[in-house]
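Before anything else, here is the set of structures, which you'll find just below.
Heads up, the next two complexes both have subunit A, just with different partners, subunit B and then subunit C.
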Partner chain A sequence: MKYKAQQFLKICAPFALMIFFWIIANRYSGVNPALLPTPLEVGNALKEFAISGNLLWDILWSLRRAALGLIFGGLLGLFIGTITGRINAFNWLFSPLFNGFRALPPVAIVPLVIVWAGLGESGKVFVTTWAAFFPVWLNTHSGVSSVDKGIIWAARSLGARGSRLLFGVTLPAALSQILVGFRLAISTTLICVIVAEMTGAYVGLGFRLQISYLVFRVDRMLACLVVLAIIGICADRLFSLVTTWLFPWIKLRHEPR
Partner chain B sequence: MNDSYPANKPLLVYDQLTVTYLSRGIRIAILESLSLKLETGEFLAIVGPSGCGKSTLLNVTAGFKMPESGTIRLKGKLISKPSLQIGFVSQSYVLFEWLTVEDNIAFGLQSQKHSKKEIRQIVDNLLEVIGLTAQRAYYPAQLSGGMQQRVALARSIASEPPVLLLDEPFSALDSETRIKMHELLLRLWTDHNTTILFVTHDIEEALILADRVLMLEKNGKPVSTRDIPFIRPRPRSIIHTEQFQIMAGEILSHYETLT
Partner chain C sequence: MKNKIFLIGAIIIAISVLAYLLTRGPSNDSTGKIIIAEGTQPIAAPIYIAYANGYFKDEGLNVELVSFPTGKFCLDALIGGKADFATVAETPIVHATFKDQPIRIVATIHRSRKNTFCIGRKDKGVNVPADLKGKIVAVPFGTNAQFALDTFLRKNDLKSQDLTFINLSPPEMNGQVLKGDVAAVVAWQPYIGRAKKNLGDNAVPFSFENVYEETYNIVTSVLIAGEKKDIAIKILKALDRAIDFMKANRDETIRIVSQRIGMEKSELDTIWPIYNFGLDLRQSLIETMTLQGNWAVKQGHQNGQVPDMRNFVSTTALKVVKFDAVSIKESN
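Moving on to the complex of A and B:
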């Protein structure tokens, strides 16, 4: 219990310090209060935002777009990464192409997607799918293609071939790297969903941020950023909790015996 | 095993086996014209300087690599790919880290037509023999090196392969654990009447365990084998007998002159 309290304090202290300096800056720096609202004002904006019901809908829409992209892009990346990682011909054919696209910052495609697909949902999901695909593809590809030869040999001499070799040995052996890909994909899809919403949407956290900017409500903009930070942290924590629960052996490997 | 291969014929026959590898576009022989016969239930140790093709011999026998020329026949059939007929344990215990101890041991059995009950029975029995019944639900990462190697042994022997290949299986273990592993291996060997090919660089280990020692020379040049005369069971104290020391010395000098 005492340990837990200590941990809690450790996490809270930096934030408390930040808020402290924020208040000091408000009081004594002479910055225009319209540019730098107090923490309390940001809190009030957040409350208003929650009570109006906008907060919930914005969060849900943003999460929906991110999640759909993550699912489509993730599955596609997993599937194609397995193929390019296992079959040489596909590797030659696709990997240079994907590496070229991967070098592109995913948000750079947003204007083009708007021109092609308009401001509807499909365009946004396309952007998040695009963003999720590359990290998952790359990590699956390299994970699958670099599985220890000894593991494959052991499995083959134990009679595993075909789908059992793939699903029972190769993919589990590459899993920890595949999960790294998904983890990166979560953060890139969150970035892309916000950018896509800022450039044209009618609901979503990026949209809220953008209209707050248009009416010069810095308190609301900061409130949006606070929500985004919380979502980012929660998504990452949730991902690591779920994967540890599903695959307890991954964590064990990194702990000394 | 339930097939009709006559017991009086050798189980494993190497005929003029040559294995090469490519180095800067040049084919270099790592094993050259190796001919050898192994009986059912024989324990053969393979010694030789590093680079002599000890591991290559096992990899070809397991079906992981193809020979340049010559043949290996198991019960008269050509070996062309890995199968459950030939078990393999290497120096690095390549257990499946996503499976528990019991699932690792059951892996090979699940490739065959066994009922769940049968698998359970075989696994239970092997867990008992290797002394890891209490750790059956552990993941490999939770086990010590010696324990992991015991699981690897049990995993390879579970489906009763007629031939078991061991590539320096205990060289990463401390000497005390290694002695225990020797006892375990000998017990599994007698229980299952397996033919064993055991690669080691430790001559004492070879002499304590094997019926016969195969000495390979650098780059797989002509080879010779020697029978080990010591009566089983062999207590470890035989290491200190004169006969043992003389034999170890002979083998050592044999391949020291080659390097």
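Moving on to the complex of A and C:
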């Protein structure tokens, strides 16, 4: 019981501290209160969203776009990362290009995507796929290329070749790094879905955030960010739980104790 | 080891301070610089003319113009304390009044019934307003264009729920109009004019002339409108002179505006007749803003009672410059 209370306190304490400093900043910083609403005002804005029915649809659409991007981008990153990690010719041919594209901010590519792909879902899913691809590709490439050569030789000496070597030895050895890539991709995808929805959308958390800005509703903007933060925390936690269940021998880096 | 940590910490702090100093925006320093946030549109022409011809300097003002893509950004700069004046249409001001922001409109510098309108696409089955039902329409949300569209729909017995609206800023609309993702777009000049030109015979324009008269306004802080009203008076004097110049020197005005905002002179020449420049504060501004306040509440953008818009207008400065141009009765 005492342990559970301690765990509960550990989870709540950071948020309680954040709300405390938020109230202090609102009261004593001298900032225009319209630009820094109180936690209560943000809570009321969240309640408004929930009652209006917009909140659920916005969350579902944003999650849909992010999930599709994570799946497409993740699988593509995994596939290409494995190739560039194992085959030198593909590495020196494609890695410099990917590293260059990786540096492009999503905010810069969204207008281009709108011009090329239009306002439909394909453009938004392209942006989230773009966001998911690079962390997964980089970490897969890094994990696969740094698998201990001794393990590979040992497996080959025992007759392992081709797909058996890849799926039986290389990928399991690189799994920890690959999972880090997917974990990073979750947050980059959530960031980019907001960016993609700020223009040319009529539903989604990013759309709601942009509209709130345009009509001077900072309380609603913060409410959207709170929802996004909660989604991010839940997605990360869910990912940790699933990977721990599927691969109990893997300890993800930076896992809180 | 300790020395290394201190050295790294000192480098990080130095870089942060340098980055802050290098990226600081314009601010009111002790030299008395007056910053005007302008929205990079032809309708801000009086500002450009006054600046280019040195009218602000003649009034003893050290004015700096800071460009923003829309009036909403200009208003944000004013509210955030980064500008002393902002040029903005009435709709963003209306939204700010619900948060009782310390701003005051000191003059309207432009009005038009033809600056904003809708373009439909024939190939998307849009020939008359009723055809918009069930279609996707691109409009910049939270702006006077959205208000004008809603009013236009009501006048044509359509409801907002009959259409799907997509939020798109005017510069982004041209591509979408050409791609055919949307059946219609609503924006202001020059963007809507460009969309119409690019669509050619496929364009079906829906005028908003009978919908409402939009205004472009000079807004300032409560401090400048009140205690420091001399600054507002000088700004308006310079603008009044600029408008007189504009009326007498059309070609030169177009040249200056074209250079300032990067628009082709020929394009400006075509749309110039729709603009009506003049300094005033009319009662119709209050009525329009109140209507928009009611609309904002009905749309769910704002809550509560619509503020008394007269509380956000200051006629003091304009009464000194042009007494007859003021027909608004300020609130007590």
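Following the convention adopted for this analysis, the second predicted complex is superposed on the first by the 236 of 257 C-alpha atoms of A that agree within 3 Å, B and C clash if a C-alpha of one lies under 4 Å from a C-alpha of the other, contacts with A are read in each partner's own complex, and residues count from 1 in each chain.
Just so we're on the same page, a residue touches a chain if its C-beta (ideal position, glycine included) is under 8 Å from a C-beta of that chain, and two chains touch if they have at least 3 such contacts.
Please read all numbers here as calculations on a predicted model, not as lab measurements.
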Identify whether subunit B and subunit C fit side by side or clash on subunit A in the overlaid structures.
-> fit
Mind working out whether A:Val115 is in touch with subunit B, subunit C, both or neither, as first, second, both or neither?
-> second
Tell me which partner A:Pro248 touches in the superposition: subunit B (first), subunit C (second), both or neither.
-> first
In the superposed arrangement, which partner chain does A:Trp153 touch: subunit B (first), subunit C (second), both, or neither?
-> first
For A:Gly232, decide between first (touching subunit B), second (touching subunit C), both and neither.
-> neither
For A:Pro39, select first, second, both or neither according to whether it touches subunit B, subunit C, the two together, or no partner.
-> neither
Of the partners subunit B and subunit C, which touch A:Gln210 in the superposed model: first, second, both, neither?
-> second
Superposition-derived minimum Cα distance between subunit C and subunit B (Å) | 33
The shared contact residues of subunit A with subunit B and subunit C are none
Touching subunit C in the complex: which residues of subunit A?
-> 32, 34-35, 48, 52, 111, 114-115, 118-120, 199-202, 207, 210-211, 214-217
Across the complex, what residues on subunit B touch subunit A?
-> 62-64, 81-84, 86-88, 90, 92, 94, 96-98, 107-108, 111-112, 139-144, 155-156, 159
Interface residues, subunit C side, partner subunit A - complex | 72, 79-80, 92, 95-96, 98-101, 136, 138, 140-143, 164-169, 172, 175-176, 179, 181-182, 296, 300-303
Contacts from subunit A onto subunit B in the complex sit at residues 148, 150-151, 153-160, 164, 169, 172-173, 175, 247-249, 252-253, 255, 257
